[in-house]
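In order of appearance the chains are A, B and C, and numbering begins at 1 in each one.
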Amino acid sequence: MNMIKSWFSHHDHDNARVGELTPKHYTNPYLIGLLLGLVLLSAFVIMGRGLGASSPLSTVVAVGVQKISPSSVEGNAFYEGYLGDGTENPFKNWLVFEILGLVVGGFISGAIAGRNKIMVEKGPRITNNKRLMYAFIGGSLMGFGAKLARGCTSGQGLTGGSLLSVGGWAFMLAVFAGAYAFAYFIRRQWT
Amino acid sequence: MLLKAYAELPPRKRIGIIAIILGISAAVIGNPCNTTQTKVNIKEVALKSEKDVDGIKVNELAGWIIEGKMDYRLADLRNESSFSEYNIPSSENIQIGSLTKSDLKRNDKIILYSENDITAAQGWFILKAADYKSVCMLKGGLEAWKNEIVFPQCSCGDNPSEIQKQNHQKKEEVAKFFGGQMETGSSSTKVAKKELPKLKAPAKVNLKRTRSKKKREGC
Amino acid sequence: MTAPFFKFGYFNDEVSLIVAFVIGIFFGFVLERGGFGSGRMLAAQFYFTDMRVFKVMFTAIVTAMFGLFYLTWIGYLDLSLVYMSDTYLVPQVVGGLILGVGFVIGGYCPGTSGVAIATGRIDAILYALGGFFGIFVFGELFPWIEEFFVSTHMGNINIPTLLGIDYGIVLLLVLLMAIAGFTGAEWAEKIMANKKKED
């Protein structure tokens, strides 16, 4: 247990006052954008597809619902789309493996920078529990919105955006609009 | 002198200038997909023509259709009226002029046929020049299909051998599958114009649906 | 045309899963390097204090866009074989608005929540659970939403086709818009930083 804890070592976040961001320890955003663009491009060139992140979540939900009550999946085109026709394991899916890699990659980067820490991210004016509740609510809205839009910021945003897809760009504008519009009402959580 | 000024700019602005130059050149290029001119690999085309590798026999195609193989795209290059009169099951009507604009993909297994060999060969060249990876021509075209598959000749003499009898049987079954029949022997019937079987609705197979499981490619 | 490699059969499905994993590693690594594993950092975008989300996303989009354009131009990449999902305008806009609100409340988006979970953020775990819940609600309501879900189908359309402008010109316009956006973002950050100093 202590060994695992040491992987999530304490660093920047201890020294920063609660609510203070420490952006100087993060790499230049433009460089990050360039690297991210190259990763995206490599996906296009190697696989002929872009990245994505909301599908694996849907696959988990579909499999879960199927396990718990198989009858409710039948006739529901949404779940069936993720479960396939039963001949293949639904987790044998490109995006599921990509997300697994994403978690590993994030962990490695965090470990190198010493940013791995079991904690709750929040602003100074709010309690941990309230933050967790908001996180859940935000996640639910995200899940619903992502399925309605057929993607999330990685899929429709980055991938659709770089392919100049009309839907992708419309989606991105809507995301920023929605977030900025609501930011005022939730400012106590972050600032 | 310009280069000196460039070197003195902070890295961010330098990248910005390079990006703008690339952007302007992209705007000048306009459309990156080459729809008019392309480079042909003459050697490859000549070699393939010489070795006669890009042809497919009618009975091979008939076998695929009977087996229900769906991994190819069969393109009928004739005009629309001929196509609606009769077409080989599982084929799609594509005019030769719009071959590259159709939804045929470069990684598809494509088979072309026309009334005879010429149009199919022209289509083959166009697609090979546009870098389509797998293109074949139906040898003999629709004529061969008529004469060997739908209305095959009964070629057995008085004392057919076992093998000849089996072949005869197979040809009959195949002909029946495609709505035709075996033609028995004298030269007079060969001259008579044979009417090809009327199209039944299922002949126009909806390829997109029956193709192998479509992988999810969304996000 | 040699690329995309998978579409031309250079390797099979199983290997593509390994490719997915490796690409995912780079994806997650880069995201975390940029600070996207922190909900506070992501939310700061919407308070103008740190515009990193905008900078990273649009730099990435512009980079990939240029890459696609030039690789297609030299005949290396077959752009028609790169998958682009169909546009369903209204559901995507409505979904985007909802996701945007969820983003600023929850502080993450699906990809970044994965990175955040990897670096130990408990709120990201709650966020992901919320995500499952939201998807579940969607799935259950799907029979009623289905009609809306497939409305305003515009097909596989991209901006050059929609506006009738050449691909390259759209590229240049997007680049100029991004540069303008970055300049604006830096200016906004500076103002917020000064404001903070005054507090």
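The working rule: contacts are C-beta pairs under 8 Å (C-beta built on N, C-alpha and C of every residue); 3 or more make two chains touch, one makes a residue touch a chain.
Note that the structure is a prediction, hence the values are computed from the model and not measured.
A.B. asks: What chain is most central when centres are computed from CA atoms?
C.D. replies: Central chain is C.
A.B. asks: Name the two chains that are joined by the greatest number of C-beta pairs in contact.
C.D. replies: A-C
A.B. asks: So what's the Cα centroid distance for subunit A and subunit C, whole Å?
C.D. replies: From the centre of subunit A to the centre of subunit C is 10 Å.
A.B. asks: In whole angstrom, what separates the CA-based centres of subunit B and subunit C?
C.D. replies: About 38 Å separates the centre of subunit B from that of subunit C.
A.B. asks: What whole-number Å value describes the gap between the mean CA coordinates of subunit A and subunit B?
C.D. replies: Computed from C-alpha means, the inter-chain centre distance equals 43 Å.
A.B. asks: At least two other chains touched by the same residue of subunit A: list those residues.
C.D. replies: 30, 49-51, 53-54, 94-95, 150-152, 154-156, 159
A.B. asks: Counting only residues that touch at least two other chains, what does the list for subunit C look like?
C.D. replies: 7, 62, 81, 83, 85, 167
A.B. asks: Note the residues in subunit B that touch 2 or more other chains, in rising order.
C.D. replies: Subunit B, residues with two or more chain partners: 217-219.
A.B. asks: Over in the complex, which subunit B residues touch subunit C? Could you list them?
C.D. replies: Residues 16, 19-20, 22-34, 38-39, 105-107, 131, 133, 217-219 of subunit B touch subunit C in their complex.
A.B. asks: Within their complex, state which residues of subunit C touch subunit A.
C.D. replies: Contacts found on subunit C: 3-7, 16-35, 37-41, 43-47, 49-50, 52, 54-65, 67-68, 71, 77, 81-89, 91-111, 113-124, 126-140, 142-143, 145-146, 149, 154, 157-160, 162, 167, 170, 174, 182.
A.B. asks: Which of the residues in subunit A end up touching subunit C in this complex?
C.D. replies: Going through subunit A, the ones touching subunit C are 8, 19, 21, 23, 26-27, 29-30, 32-51, 53-54, 57-58, 60-62, 64-65, 72, 75-79, 92, 94-110, 113, 115-123, 131-183, 186-187, 189-191.
A.B. asks: How about subunit C: which of its residues touch subunit B in the complex?
C.D. replies: That would be residues 1, 7-9, 62, 66, 69-70, 72-73, 75, 78-81, 83, 85, 166-169, 171-172, 175-176, 179 of subunit C.
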